[in-house]
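Okay, so chain A shows up in both of these, paired with chain B first and chain C after.
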Partner chain A sequence: MTLSVDVIKRGGQRQSEQFMRDKLHTSIVATCLSVRVPTGQAESIAHSVCEAVIAWLQQHPEVTSQDIRIVATKHLRIQHPEAAYLYEQNRITI
Partner chain B sequence: MAKKFTFDYDLIVIGSGPGGSVAATMAAKDGKRVAIIESSVFGGESPNYSDIPTKALLHAANLFDEARHGDRFGLRSSTLGYNYPSLRAWKELAVTRTGTGGNRKYYENQGIDTFIGLAHFLSPNEISVNRRHLSASNFLIATGATWTIPEIPGLDKIKYLTPRTILETLRPPKSLMIIGGGDTGIEIAQLMAIFGTKVYIAEQASHLLPHHDSEIGELMQRVLSEQKGVTAVTHSRVLSVEKDGLQKRVTISRGGTEKSIKVDEVLVAAGRSPMVDLGLENAGVKFTANGIAVNDHLQTNVKHIYAAGGVLGRNSHTHSALMESQVAASNIFDKTKVTPNYKAMTEIIFTNPGIATVGLSEYDCLKHDLPINKAIAPLNIIARSNTSDFRDGFVKIITDKNGIILGASVVAPHAAEIIHELSLAIKHDMTAYQVAETPHAFLSWSEAVRVAAAKLS
Partner chain C sequence: MDITSSLAIIFLAALVHASFQLSVSVLTLLSGHSIGAKHSQARLLRLTSSFVIGAAVMTVLLLSFVSLILIQFYSNNPPLIVWAAASGLLVGVALCIWLFYYRHDKGTALWIPKAFAIYLNDRTKATKRSAEAFGLGLSSVLGELLFIIAPLLISALVLVQLPAFWQLAGITIYTVISLLSLLIVWVLISSGHSLGKIQKWRESNKYFLQFVSGAGLIVLVLFIYAVEILGSTVGFN
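The block that comes next holds the complex of A and B.
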């Protein structure tokens, strides 16, 4: 099933784009690796966080990049609080 | 000269339930450009899925129950029965007849633009509904609340019911476990028990209806147990739920021991959570999972965004949400700000006997260290109890040391009607003596109010 979600970036200051799962996945993996999570576990965490974000996006056809960061952080916090903190604070991760 | 911003609307109301509808109507009548957004069915939860359908079914159930137990008055009712599909049709008729359920046309006729979809804030003055951007100079958030699903292992793996979905079942289940012994849990317990379901209630607190004084919960527990065969398991925690053949096995911990109960269906009625997933972060509105924070004027920390109803996370009812909506509309457009007055707000549970409370409970008074006097008048001391052969219930009145009524509870048939006398007394700071000296008709249930008030005079 294809998910068509428009992501409004930086409060509309930058051009909107389609939600890309791979982009989110890569950013979560990068964050996890930054806090010395083993690669396999980082991939696994990123997979489950992406699934949770996609589940949330099913009801939201248009969101901001901040929304995605908030929802991803919420689910990442359950799996790895330290990575979640880093992800939440680093505005350029996504 | 300061730049004047232009917006699509003067007010966008998010949610068409009681918290939103009044404000939208008031603003439109005032000539404002208004839009209302609904994510589900216009009218919101109360007329479509909770208050109206539940009370319509409870009315029919109570009639059936009264008639079934009419043999003590010389009535023959052994052949009495019910047809559940017809009962559901009656419920649907009641919903349609209210006029508030699915009432999109009502708003459109008043010049209010209507949208169906989830609203999501993109910025403090802009929302997105199905990718359509709408802007407004003011917002009222009235998205209400939804049933909380507790984190019980195994619950996500079974098909469970909520107070909304149980009303849509094709027939009453043979056995039912209700998780949560609050207002709604009790109403549904009685409803289903009357139609022959074996009902269990699991409640963490020491008595049912934990938000009310203990006498009420204890009385209802006895009435439900003795008259309807309901098993209330208080002081207990649901540990897990799992599928067991066609049934469900619920494991409960009580006093350190575990117990399993096999039931056909599980109903989750463990409180409600405000619906705050609408991009409030993008608007900068302060909120928690427990609701949106507002000041006394129902204004959020973002001055052009207001909130009313269940989304505030308070103990909300349709009548309190209606009042808040009115207050919010007034505060949005008027310079003189008003504050909602909850002092004489009633809470009603439509069981039999009915339960109605107003003002402070005894627990509230203890919490605030208020010196009080209280009196209880059991129903069985008044004449109506004899002629109706009904003895379970009481009227309890709480006053301060000067005799001014602070709170009251009524557990009696027609409690929802009786309570308003006490509600008026509380609103106008009347004393128990003033209530007691007011004539109360002989053979009315309200005589119990006079008796309780007289004890405090």
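The block that comes next holds the complex of A and C.
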């Protein structure tokens, strides 16, 4: 599903793109799998986080990729704190 | 300097090298991407093993290269001024580590050029084959050259004074010890430990590791100053 929301990429150096639910879903599933969550549970967590992010995006026509990461982390923390921690750390590990 | 003291210096220098964290960060990320992409445990093992082997090869190459340069310039007896300069470098690097090693943000991001950090991040995500993981291992050691040059230089100065057999032993000891932290994380990941827990431990203890790295270099420089510089000046050597 594609919302008409412009996502400004990190640092503003790359072109902005439309929000893509699948992309967010895939990244949340991957993070959950990284902390050894079973695949089914990972899919279910990703589904609920995506729904929460989309609800938030309804009021925000233009956001940065970092905004999406922050909102997704907030909702992921409720579902699985360890996965949320790793999701948050992804860009600040190196 | 006798062989025991020489190997002790190499051992301590390698321990300081082991406390540096770039390779560990890259290995953690690489494993995260591999597990997240639903790769099999065997493939995860192949990728991480190739990464560790790459880091080992680059460590051996760098140590041998620095030793070769020293041999070319000073044969197997580097003058006192080189020891003094190397000691100065160690103190400078130790201070840099205490001041700058980690970026003052959340996470375990290091004070390396931002472009290089982004490159490593992107390459880690794109790595799918063992050969790429091997190359990533090589790059991650190179990326920390600014910090590891100090223990490498001191070990090379010690190595060039040793007989051939002990030079090989010294290189082996340095490589194995300097990879200890990487090997521990590799074993933890391979045995199914959670990456979240590993990363949390690293973040919680990052300032302790930073202090230990700097302090290790200071201890090393004091030992070298006493044995090589003061020893030569007062005629113990």
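Note that in this section the second predicted complex is superposed on the first by the 89 of 94 C-alpha atoms of A that agree within 3 Å, B and C clash if a C-alpha of one lies under 4 Å from a C-alpha of the other, contacts with A are read in each partner's own complex, and residues count from 1 in each chain.
Keep in mind that, in the parts below, a residue touches a chain if its C-beta (ideal position, glycine included) is under 8 Å from a C-beta of that chain, and two chains touch if they have at least 3 such contacts.
Quick caveat: nothing in here was measured; it's all calculated off a predicted structure.
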**Message:** Under the superposition described at the top, does placing chain B and chain C together on chain A give a clash or a fit?
**Reply:** fit
**Request:** Once the structures are superposed on A, label A:Leu33 by its partner contacts, choosing first (chain B), second (chain C), both or neither.
**Result:** second
**Asked** Counting residues of chain A in contact, which comes out ahead: chain B or chain C?
**Response** C
**Message:** With both complexes superposed on chain A, which partner does A:Ile70 reach: first (chain B), second (chain C), both or neither?
**Reply:** first
**Request:** Quick one: classify A:Glu62 as touching chain B (first), chain C (second), both or neither.
**Result:** first
**Message:** Is A:Ile8 touching anything from chain B or chain C once the two structures are fitted on A? First, second, both or neither.
**Reply:** first
**Request:** Pick out the closest CA atoms of chain B and chain C after fitting on chain A and give their distance in Å.
**Result:** 12
**Prompt:** Which of the residues in chain B end up touching chain A in this complex?
**Reply:** 118, 120, 122-123, 128, 130-131, 279, 281-282
**Touching residues (chain side chain A, partner chain B) in the complex** = 6, 8, 11-12, 59-64, 66-67, 70
**Complete:** The chain C residues in contact with chain A across the complex are 22, 25-26, 28-29, 31-33, 35-38, 105-110, 112, 117, 120-121, 124, 192, 194-197, 199-200, 203
**Message:** Under the definition above, what is the set of chain A residues touching chain C in their complex?
**Reply:** 29-31, 33-36, 39, 82-83, 85-86, 88-94
